[in-house]
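What follows is one structure encoded as structure tokens, with my remarks underneath.
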Amino acid sequence: MRVGVLTGGGDCPGLNAVIRAIVRKGVPEYGYSFLGFRDGWRGPLEALTKPLDIPAVRGLLPRGGTILGSSRTNPFAVEGGVERIKRNLQNLGVDALIAIGGEDTLGVATKLHEMGVNVIGVPKTIDNDLAGTDYTFGFDTAVNIATEAIDRLHTTAESHHRVLIVEVMGRHAGWIALHSGMAGGANAILIPEVRFDIDQVCQWVESRFRLDYAPIIVVAEGAMPKEGDEVLRSGEKDAFGHVRLGGIGDWLAREIESRTGKEARTTVLGHVQRGGTPTARDRWLATRFGLHAIDAVHDGNWGHMTALRGTDVVTVPLAEATKALKLVDPGLYAEAEVFFG
Amino acid sequence: MRVGVLTGGGDCPGLNAVIRAIVRKGVPEYGYSFLGFRDGWRGPLEALTKPLDIPAVRGLLPRGGTILGSSRTNPFAVEGGVERIKRNLQNLGVDALIAIGGEDTLGVATKLHEMGVNVIGVPKTIDNDLAGTDYTFGFDTAVNIATEAIDRLHTTAESHHRVLIVEVMGRHAGWIALHSGMAGGANAILIPEVRFDIDQVCQWVESRFRLDYAPIIVVAEGAMPKEGDEVLRSGEKDAFGHVRLGGIGDWLAREIESRTGKEARTTVLGHVQRGGTPTARDRWLATRFGLHAIDAVHDGNWGHMTALRGTDVVTVPLAEATKALKLVDPGLYAEAEVFFG
Amino acid sequence: MRVGVLTGGGDCPGLNAVIRAIVRKGVPEYGYSFLGFRDGWRGPLEALTKPLDIPAVRGLLPRGGTILGSSRTNPFAVEGGVERIKRNLQNLGVDALIAIGGEDTLGVATKLHEMGVNVIGVPKTIDNDLAGTDYTFGFDTAVNIATEAIDRLHTTAESHHRVLIVEVMGRHAGWIALHSGMAGGANAILIPEVRFDIDQVCQWVESRFRLDYAPIIVVAEGAMPKEGDEVLRSGEKDAFGHVRLGGIGDWLAREIESRTGKEARTTVLGHVQRGGTPTARDRWLATRFGLHAIDAVHDGNWGHMTALRGTDVVTVPLAEATKALKLVDPGLYAEAEVFFG
Amino acid sequence: MRVGVLTGGGDCPGLNAVIRAIVRKGVPEYGYSFLGFRDGWRGPLEALTKPLDIPAVRGLLPRGGTILGSSRTNPFAVEGGVERIKRNLQNLGVDALIAIGGEDTLGVATKLHEMGVNVIGVPKTIDNDLAGTDYTFGFDTAVNIATEAIDRLHTTAESHHRVLIVEVMGRHAGWIALHSGMAGGANAILIPEVRFDIDQVCQWVESRFRLDYAPIIVVAEGAMPKEGDEVLRSGEKDAFGHVRLGGIGDWLAREIESRTGKEARTTVLGHVQRGGTPTARDRWLATRFGLHAIDAVHDGNWGHMTALRGTDVVTVPLAEATKALKLVDPGLYAEAEVFFG
């Protein structure tokens, strides 16, 4: 059997570890050969390939990113895309495909499976918002990077009596904000799932200063004030008379400064959250996902993806991962609120 | 209500985070006051206390160790020990006790609960071998430290064509060895649960060198060769004519050198695995254990301890944690074997 | 003798290590007592003090920030400021002052010394642009944080075939950019000392992509294109029709995208560069600066500051540090250019 | 011109960064071609080579170890060794040799230069004990690793009221012990340059406990008690009746336990100090050494090696590096003593 492997969507620490585990088990245990597809779905669509054998995966375990490259190409948005993929797979002698990716990549995988392609999925999202699995790899690394940044900002906040705001990833779900905020000892954590009240935030800031501490606020990029996005769009003029817009972190800094009179500074962590060597836990999870993905190929478990449930890696239907986002539960968020203010 | 808190057994990153969460929630939410007991069960036995309020737990989240100190004192091994504890608790006005510790500490807690003391437990073991909970805090930190060490040793092994052996913690269970070995890309992982065959290990070493790589072996301190501990005790003479004994790591190095003719070096990680700032994940878990422990006090859930089940923190009877060790499952170990040799 | 200590300007890893060393040597060796002044020059100006003895400096070595707080208060900008300082020092029985700070703080120290106050300086700047000393503490930490971020961004750049731009600190001097860019393997390093040619930068980007690599550009916040700052001010309209302005990093991303057609993303490292625990080297340097500062007090070496020359800590006149910025030498910058493109 | 490159002696973070810089500058600037020699002097002796061009050095900057391999082979200890090297260089068309290594490797380089081989040296020692240069690369990485370990051990020491001893590298010179001990806040630092008094060490331990702290002792592997090595050789019997010997760290633990009655534990850091990714500073220094080494080839500066003097990289005669070890100056050691006890 010849197995194709591709990685789609934003890069994520652990992708290479998955690829390595698939090959390291698939070759000696099942006698499979492998073919890498480059740049997500663009690979099978345009027959862009990369050799994938045991020497090719050497040294990959600690390396971030993906040696296969990635893209957000959607073959269903391309005319005749699916047919081209099927034809390319056939021409290249590829019998099965392992697609490692997030909602979009797995969405394509689900549909291709329904159209007869032998697909196994491996869930990937830095944001941890894919349903069907307790955690995804890359998330633990992102949380550790964000927590380390928060640790560093504490000392600056204290030394300068400033509000420090950290904007972390999380467009739809606040998992990174919640975990890193709790691990970093944030005084407020703002997540997309719960619209925040800017007056309440300012009260927390002020109560913190009354205790002679300096507040740290962790905000997910997708968090929103109760007033909604009109507020964000209205903007303010900068020194050059231009309207200055930015993300929610910048908006918060401006609002807190103008409402409390305290200096506020924002750090947008950005791409550093998703790059570099994975934590031990993400390597462990990615490796196990890879091992179970190739087992699923062997079992002909098409249309399924690997998933973590408790301490077990299992397989679940691909459709489970893509039917709804996994959001932060209100009860869990309430646990964190003890530390606000 | 006045609640006593103590930490027993070996120190572990996250102990301070548990203490902080207990106090940060218990004071404002339930109106409790707190009293710290020093040095594990020696504290209530000898009425050694330490004030514990919100200012006292400030800045504790990222700090390793335990501000309460620890010991291995067992009040049941002291004549009249239990009576003294009961009397001291009464004299100090302590209505309930939160005991944070491992098998021994929680064993005492279980018995005291049966004798009428209001006890809540929080499980703690760097080795992750306590039953009743998916993971314990401190374990993730230890695994990350061990993995980073393995990462570092890879380059030395390659540069010098040497076998490098890393001895990690794990007297009875191989969790740290298994996780760090898989995350670090070890070529063999030896754990207490499975007696190893030194000939097999040497074959892995040799096959590795044939591929022009240098092997890394991760061994738990409690791992044992098939031949048993007589082998370890027989020893060898060193340059001064003295018999040189050490841990299993040293034994392995000597055996591999003499059987394969390859240079082998051992690094014993030791105490660095259990000190220092906890990872984000351990802070998250420790904080949640603290929050749920004080909830358990409020609910009068005596004789229970907090536990992680999947992504949920629940409470389970204390007895569950102490009835048997949680060992590495053979199926899980088999997953890792793909990478051996 | 009673010695006052203050920290001024932006915070910097190692400030606490200086304070600790001053006290740890000054008390037992010279029999001095100490008084902390809060928030830079605002402390002596408004008689804001903080007790400073051996227990107060316990555990400070690895802690970022400054326990004394900081500010940018300039007593010469306050009417009667100098007289108030002199009077407060006298009233508090303070015979000598150690001022730890950058250009502004040491500028005040220089003038106060000329007006008869017994002052010793300790140079501090994250940017490493103070003259008179080979290096300042905090710089090594900032460079390591920036380098780690660049390491992480490499994998993202490669996986997505994107240009990644890292904006680091350095308003007037490019030391952090140069060191972290060289240590991180940047494909272009843009510093304030040398106006860059955006066409040249785009050529480097394109030559990099032709080799199938993804370029990383490190830019100091004070770097400027040849065309000058008018270019930066002209801005562009964003999705809401508002002109979007940002730092030089954002400007670069927009220009590179529009000129090369390649996706470009900017990460502004910001405050994380100056917070958190210092590197071993910064702790070493800060500790030695503290030890030599208290020796200088003992020697009555007023109007001098500590400085690193090679491997030696010496004292130099305060005026030396403040007469000119230490800029990146063109020859040194030329060394890095080998790696551009 | 064709330039050979080799790395000898113990591996050291930064070796690969030197190799990369040599090639990255030598090819485009001077039009040189390169040949890697494997395993130190064994490479030219046995004509073991490895291709070395720009693609071969890709991604090397952050990687520890050496892609060329290393050994301690001494061609002067092999009959006809020098002639074989000369012949091999001639046969392979190698006009000049860059030897990256420590005392032994550079000693060979010096003699070969005197015998007419065109050699340039790059000094390398984790221990920082080579004369002629302020610092060697790899040292900063080792110091940071040791400091991080000491940071971690502090919390364990405090929690268990134990003496913790950290044995670090340094057979002849105490640079790693001194720097990491000062950066880590050790309560005693024992170095090979100054024989220590075990009674004095025990007094420091006891005074530390009286202040309710737990002492940390950093000891270089080559440190020696006043009584000398007879003491170490006498040993003690262990539980099996065998004499137990170990390094100076183990000896210290036994002596301190028996003399003070306090529990003492030793951690031997070992090889983790010399592996893994280099710090930013070591990458900077290694890169600059590489750039200046290839410049020295271009200048025909044979028999010289690169060296750091203050902030400048210069070249000095090879003989300077090998005539004497660079030991810790008593004045510098005295600075650290302030913190003892």
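General remarks:
Per-chain numbering from 1; labels A, B, C and D assigned in written order.
Convention: a residue touches a chain if its C-beta (ideal position, glycine included) is under 8 Å from a C-beta of that chain, and two chains touch if they have at least 3 such contacts.
The structure presented is a predicted model; accordingly, all values stated were derived computationally and were not measured.
The chain with its Cα centre farthest from the Cα centre of chain B is C. Chain centres here are Cα averages; for chain A and chain D they lie 40 Å apart.
Computed from the mean C-alpha positions, the centre of chain B lies at a distance of 33 Å from the centre of chain D.
Each of the following residues of chain B touches two or more other chains: 151. Contacts between chains close into a ring here, every chain touching precisely two others.
Contact between chains, using the touch rule, shows up for A-B, A-C, B-D, C-D.
Across the complex, chain C is touched by residues 7, 10-11, 13, 15, 39, 63-66, 69-71, 145, 148-149, 151-156, 158-161, 164, 233, 235, 238, 240, 242-246, 265-272, 274-276 of chain A.
Residues 21, 24-25, 28-29, 61-62, 134-135, 140, 143-144, 146-147, 151, 179-180, 182-185, 277, 279-281, 283-284, 287-288, 291, 309-311, 335, 338-339 of chain A are the ones that touch chain B when the two sit in their complex.
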